[in-house]
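Encoded as structure tokens, here's the structure I'll be asking about.
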Amino acid sequence: MKESYVRDLKPGSSVTTTFLIRTKERKTARNGSAYLDLELQDSTGTIKAKLWDCDSFDPAFEVDDVVRVSAGVEVYQGTPQLSLRKIAKCREQEIALSDYLPHGSQDPDVLFESLLKRIKEMPPGPLQALLLKVFEDPEIVRKYKLAPAAMSYHHAYIGGLIEHVSSLVQLGDGICDHYPFLDRELILTSLLLHDLGKIEELNFSRAFTYSTRGQLVGHISMGIEMVRDKMRLVPDFPSELWDRLEHVILSHHGKLEFGSPKEPMFMEALAVNYLDDLDSKIEAMRQQYEADKDRPGNWTARNRALGRELLKPPSEPVSHAAPAKSSSSKV
Amino acid sequence: MKESYVRDLKPGSSVTTTFLIRTKERKTARNGSAYLDLELQDSTGTIKAKLWDCDSFDPAFEVDDVVRVSAGVEVYQGTPQLSLRKIAKCREQEIALSDYLPHGSQDPDVLFESLLKRIKEMPPGPLQALLLKVFEDPEIVRKYKLAPAAMSYHHAYIGGLIEHVSSLVQLGDGICDHYPFLDRELILTSLLLHDLGKIEELNFSRAFTYSTRGQLVGHISMGIEMVRDKMRLVPDFPSELWDRLEHVILSHHGKLEFGSPKEPMFMEALAVNYLDDLDSKIEAMRQQYEADKDRPGNWTARNRALGRELLKPPSEPVSHAAPAKSSSSKV
Amino acid sequence: MKESYVRDLKPGSSVTTTFLIRTKERKTARNGSAYLDLELQDSTGTIKAKLWDCDSFDPAFEVDDVVRVSAGVEVYQGTPQLSLRKIAKCREQEIALSDYLPHGSQDPDVLFESLLKRIKEMPPGPLQALLLKVFEDPEIVRKYKLAPAAMSYHHAYIGGLIEHVSSLVQLGDGICDHYPFLDRELILTSLLLHDLGKIEELNFSRAFTYSTRGQLVGHISMGIEMVRDKMRLVPDFPSELWDRLEHVILSHHGKLEFGSPKEPMFMEALAVNYLDDLDSKIEAMRQQYEADKDRPGNWTARNRALGRELLKPPSEPVSHAAPAKSSSSKV
Amino acid sequence: MKESYVRDLKPGSSVTTTFLIRTKERKTARNGSAYLDLELQDSTGTIKAKLWDCDSFDPAFEVDDVVRVSAGVEVYQGTPQLSLRKIAKCREQEIALSDYLPHGSQDPDVLFESLLKRIKEMPPGPLQALLLKVFEDPEIVRKYKLAPAAMSYHHAYIGGLIEHVSSLVQLGDGICDHYPFLDRELILTSLLLHDLGKIEELNFSRAFTYSTRGQLVGHISMGIEMVRDKMRLVPDFPSELWDRLEHVILSHHGKLEFGSPKEPMFMEALAVNYLDDLDSKIEAMRQQYEADKDRPGNWTARNRALGRELLKPPSEPVSHAAPAKSSSSKV
Amino acid sequence: MKESYVRDLKPGSSVTTTFLIRTKERKTARNGSAYLDLELQDSTGTIKAKLWDCDSFDPAFEVDDVVRVSAGVEVYQGTPQLSLRKIAKCREQEIALSDYLPHGSQDPDVLFESLLKRIKEMPPGPLQALLLKVFEDPEIVRKYKLAPAAMSYHHAYIGGLIEHVSSLVQLGDGICDHYPFLDRELILTSLLLHDLGKIEELNFSRAFTYSTRGQLVGHISMGIEMVRDKMRLVPDFPSELWDRLEHVILSHHGKLEFGSPKEPMFMEALAVNYLDDLDSKIEAMRQQYEADKDRPGNWTARNRALGRELLKPPSEPVSHAAPAKSSSSKV
Amino acid sequence: MKESYVRDLKPGSSVTTTFLIRTKERKTARNGSAYLDLELQDSTGTIKAKLWDCDSFDPAFEVDDVVRVSAGVEVYQGTPQLSLRKIAKCREQEIALSDYLPHGSQDPDVLFESLLKRIKEMPPGPLQALLLKVFEDPEIVRKYKLAPAAMSYHHAYIGGLIEHVSSLVQLGDGICDHYPFLDRELILTSLLLHDLGKIEELNFSRAFTYSTRGQLVGHISMGIEMVRDKMRLVPDFPSELWDRLEHVILSHHGKLEFGSPKEPMFMEALAVNYLDDLDSKIEAMRQQYEADKDRPGNWTARNRALGRELLKPPSEPVSHAAPAKSSSSKV
């Protein structure tokens, strides 16, 4: 079991524990000797590390390996970093990957069971059949439970995709209760499948990166292909429904400039676009609040997804706050 | 009681009934004689009308008057219009204005009672107190029940504003059930007040137009003023809550280029922006479908709010549609 | 054989010939009688037509039928139109569709043979194998020879797609001769396949329209599907080549706002984007010049594709023009 | 009295003087000991400072305090900074705040008297009455004389707002002399009040920051509220004038994307927008020239307000410059 | 002398007078006979005209000729038009062109003398020398007095350019009085020369049109050429001043997207851009007010230059308006 | 002859050789002593250098001088830099400037001869005459052979302009072979002259910078002037051809926002715009590939000209690549 985590390292102390190698670069110091400049990662964060005079070691590890290190915790330009004394690659069987990758607060298996249950409650028909083809494919299921929902913008952790979709399915049921003329099955199916391509667009077995195919083709077009392959397995999938479902997935970014080649042309497509966007932005805000909870003042740093600073929530809901002592400037 | 409605006029028939004068212009015919070119309106639509040789009449009516006419129903360039034989102004006491203005399908009084009930269920505090100040002001209540939500884009009929807000309050409760960290009272208050300025921005006692103040200042800034005046009546309204509520109202259009001078800077502001936008667009789509329900083909005309043609809903929900006979092009 | 063409109709004359029905609408005249308002089409253009008192006829024809008419050629608001005396549907076996649809100046069969020859000259390998899978599929070939390249912007006629592609293949060979580091086979394959989805996006067996699937999904995504289906039939199609080819097709519009979900990320994708855009715009200009060749003055009407008026070419190339009599304002 | 100023510190020398604390952060050095990383400020600029081994001190001061320091002036990465030997908080009564805040070259009291004189020369009427309500309110006057006109873009110093407005009032009188159909009183009133909200949007008693209300609501909306409150105190303020004045203030940024919820809809609104923008940009340029007057070459650094580098003025006006020795490249 | 003007024609009357032929098109009537569809122009406006059965006439006139007509004044679709009985070309010597072209209210000769006087008051030096080279060139002077400032946006009448420049020179002197660090001679010279290219960009001897060279090259680049030719005639024109003056002219539209290939990079360029833009927009507003002075209501039609409707000025300046009877909604 | 080049310096070694001074700044070290911070350049790249305790030297050299140095090669933050022991200015006669400036792989003299040969093959006429006026002007020819095509975006090396133009002339001949209706002489002339202003816009005798005139006026407007001067020397240059040629040069950036004051209005202008843009981007990509050829992974760094990362070419053309071992995810 992993002994210490990035989040808990104290400047001035010593540490012996394991990390994932995120980046590794060989550099030359001013005195001409070689050193390794590393970035290490575990589930709680990342930290820079230096291995001085590295040529006297046998640094038999690469990016994405897990290593055991002994190191001193120092501070450089206000940020903690490790000065390594020992480093060696761990054996694969010693590694619990979940110790090294960020993950969410909910259990992906539980979320998946809940989604599957919701699918089975749907009225029988081509959409339910399609969903079962997808969510009974073990290779898809394995990746669907692990994938992050994005590289960094929101839900950027193991299990992030299924958390995001689980939230959306509940929102989708709510919106269909409210607007009874919406086609509930089409909306739920679209929400469950809209980001299916993410499981191939991103590499997430170790550090998160785009796959080359992901960067060249993108998750929308990759997801459409995966959905088409499963629709073909459903006998007599209705042609108009086929086109509508493809359209909802293609248009779910809402605008051409956000990478959707078509903009929503009917109600269900519009609703899926809005729910997806809202849930992503709410989660991006939530993460920003968490990241900046120790930052002094009322405001977070600039949030990249929204392009602006955010006002932090009050410690207690403002609508129940005690009255201000003096509101003279208002009256 | 009004005898006939625009929607039911048959080409070739004669009609005697009442209309509201929407526009009136005196023109000269090719033969040099004067005629009146009119647009008439009732709750079901508008129709053009001509009064030939009008100088022999005493056309003692103006725009926004209600008149009684006898006329033949003709067709000009494919569109029905009236050739007037008689026209005279009605006495005010004969007029039920609801016969002449478009209105929605729900009873504004019922909707209002329901909103008031929801307000009274809120926990006591400054926001509930503010809402009661607003919704117990009889002049506001009278206009709030009548106002359309927009000139033409969505809910453009008597009672449209309160229909839109009633829908939003339900959506707001749903979204707060889903994201428990949202401040429910702030969201509900914002939804109830975000378009309050509309009751002064638009003239809607007869034909809908912008008031001069509405066009110069706009409903956001006018609404902020009305809300400020009521907040001042609530003793010790908390200063931070005051600023947050103003921000949600100011930013509810979401982007500077849509006329909000600030963009949403915390979760509640973001949620209000998305719900308002979604409900407006869903309703704009619904109206387009209704307007084009007799138009041949699968597509509506170009919807001005969305800037594109819409695919009509299938006659039965597509997800239950019978399988297409041949889906060979897909497999 | 068709007796007369739209282009040759003379006001004041009578005509008996055949046309395709492009639009048909029943309207009511001022006198209450019904008439048909039609738009007729042949390979040289379109003309409006009226069938007065149509209820005494049995108008047993619909849009997209071919009819035989007897009519007088009149002028209405400066534009010729037909006043129909007789109209009857033709039997299908009498119809040569090419008489009724606009077509280009080159023979699609000849162009196709030439493309096939070029494909067969390519070095053997997965791309040639893929192209043969596509261009030996008889259903694809049939449509590929007929399809227009666009609804109206450029090459908007039967055979327009294959004319456009034939031009591009020659340009592609030229550009690869010039930049020897480009991958010629990838560029040629991409040019041949980039608009493959057009054969399903557009309906062109009679009047040109978007198919519902075409409008919902678009030719890029539809073409990708068709290419994927054929790539799967090529044994061991290399994975990286697969991704690159998809990327070139996806990105051939060059920018997100033009409907490409990815922008060109390597040289071959960039080159295909530029050649396609250049050839389309040159052809759009050529058509504008032809349409406005009788328009007085040096300038065409506003070209929709380019958003501006065009300077017409000089009657003889300007670079050989005789010197201006007085160029005093220049010296 | 303050002994030395930031502008005059010489690397290699020692200094004992007072500064305002602008930022303060506790950090850990490589050797594990704690130090304070500070930014110090006076009316001539800012300088970084380090207090090493700070735990042996009692650093009983906070941001916005004034401190007395003894320090050595060093250079770090080409920039001077202080290495502190002693630091202690000053007593409030010793402090002349004007020593620590940047201020302009003109005396705000003199400028204010001049504005008041101009107001009193206006013809009596509701606008003059309104201006007197505003400029005889001592709390407003106190802040109006101190406020900067912007955080950093232009006139970013104590007294900057009143300098900007004084310049505008003169420009406004000039423009009304030139275009006699403009409403002079409306223009002058608008110029005097257009940025009134700035006195609450910004905190400027110590370091300049946005207030939370300023960031959430903005100076335009805050200023409108302050003006409305004063208009209500003027008996029978004409309704149309009220709306016009609000419109000029709301629209003075000229475009929605610059934060004005309305764009100028009559001449006076347009003129106020142009004069405000011109005076701000001229001053932004003037500051850039001053900041870069020792920078080698003809060009300034990139100006953030204009988004480009500026050509410096010639040492003597170019129109009187001696002729170039050789202008051969021009002839 | 011209007997009647477009502005004064009364429906139902007869008229015999002269007009300029603006457009002329031969069409065929429903009955097969030919007619001429004309647009006629004089200094007060334009009117449509029809010459029926034109083949029995000898219509020996062309666009830009002046003709004498006898006609009846009719109304077609609410707009007056002429039904011609006689039409014949006038002899050139009978024509005072000023009767047929719109012109402003000020005398171009007087304005020119005033500009020349201002130039002569400038301190001697290269800029004054340049201006004298330009404004003592008789061919330039002749056109400079006649040219409109724009095709339609503002000052679109004979003498419009010199009115616009005269206004700008006064504004320029004012701005230099206000900002004493500006280079007055550079600003005045730039204002006098910034639109010099307009005298060749537009044809204005008869109806206003763009010249082919004007449309291909544009007045900025054409004006630069004319200024360069004159600068070369000034001995030893200083090189830096040469570049600055070119820059001010090139950048006077302020932004790339408005056709300036460079954006203002020093104060004088910025000031010229703002003054030119302000004077053009004020004049565009003034023309709109005049055009819509009989339009009912407070608002003009949409102004094309500003892209919005304008609030008309009050009949008396609002700042002196009587108080509104009830301003209860404000308090 | 230069002994060593930047590209070949080894950390830890010593070096004695010559460099061009690119930047030079005097700074103060932490210990109070002065040092020089330099950037040195030769034809293979640039390197930072420090001269410690510089006051004991007599640093009698300036930016753009060539110096001889003795130095140790160190590494600072992962990048090599020089610690200078000796530095002295070289005498001008010892310097071969081509050792210090980046240059392309082709010989400008050879390229120029080839262009001249192509010009002489053109049919005689005003365009050939113009080209000979330009390319027989020795001052133009000297600079034309040296100029880079851009500061940094593409062909940013000595001889870059003539390489770019040589490529374009070949492309131009190809496009005219393909589209026979294009005016070949106009296209070739435009390609040869479109960037003529670059030879004055940029300073390139030492380090590349914009000239002040270049930054104020720009190469398009400067080039137009040079072309006009030469056109005036061709007797009876046809007026329409003059305007067309100016238009092609003015519009060759294609869009207003890229600095062209006019957008292409006929085919030849469009073709020149596309060829220029394509050749620039292809070369920008080629340079990026070369710069990043040792960078690990499939992707380059972000290319500034295109605003995105580029996929590197495969080591062998992908269309001939061996099949992927497993393409299971595709089938």
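Here the chain labels run A, B, C, D, E and F in written order, and each chain numbers its own residues starting at 1.
Just so we're on the same page, a contact is a pair of C-beta atoms (placed from the backbone, for glycine too) under 8 Å apart; a residue touches a chain by one contact, two chains touch by 3 or more.
Everything numeric in this text was worked out from a predicted model, so none of it was measured.
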Joint neighbours of chain E and chain A, given as chain labels: B, C, D, F
Labels of chains that are neighbours to chain C and to chain F: A, E
Farthest chain relative to chain D (centres taken as mean CA coordinates): C
Fraction-based call for chain C against chain B, same above half, different below: different
Chain A-chain D separation of Cα centroids, rounded to whole Å: 43
Residues of chain F whose C-beta touches two or more other chains: 212, 215-216, 228, 240, 244, 247, 265, 309, 311
Chains touching one another, given as label pairs in label order: A-B, A-C, A-D, A-F, B-C, B-D, B-E, C-E, C-F, D-E, D-F, E-F
Residues of chain A that touch chain D when the two form their complex: 11-12, 74-76, 78, 298-299, 309, 311, 329
Sites on chain D touched by chain A in the complex: 25, 27-30, 32, 37, 200, 212, 215-216
Residue ranges of chain D in contact with chain B within the complex: 212-213, 215-218, 220-221, 224-225, 228, 240, 243-244, 246-247, 250, 256-262, 265
Touch list for chain B against partner chain A, complex: 123, 125-127, 167, 170-171, 174-175, 177-179, 181, 183, 185-186, 189, 228, 231-232, 235-242, 244, 247, 263, 265-267, 270-271, 274, 277-278, 281-282, 285-286, 306, 308-314, 317-324, 327, 330-331
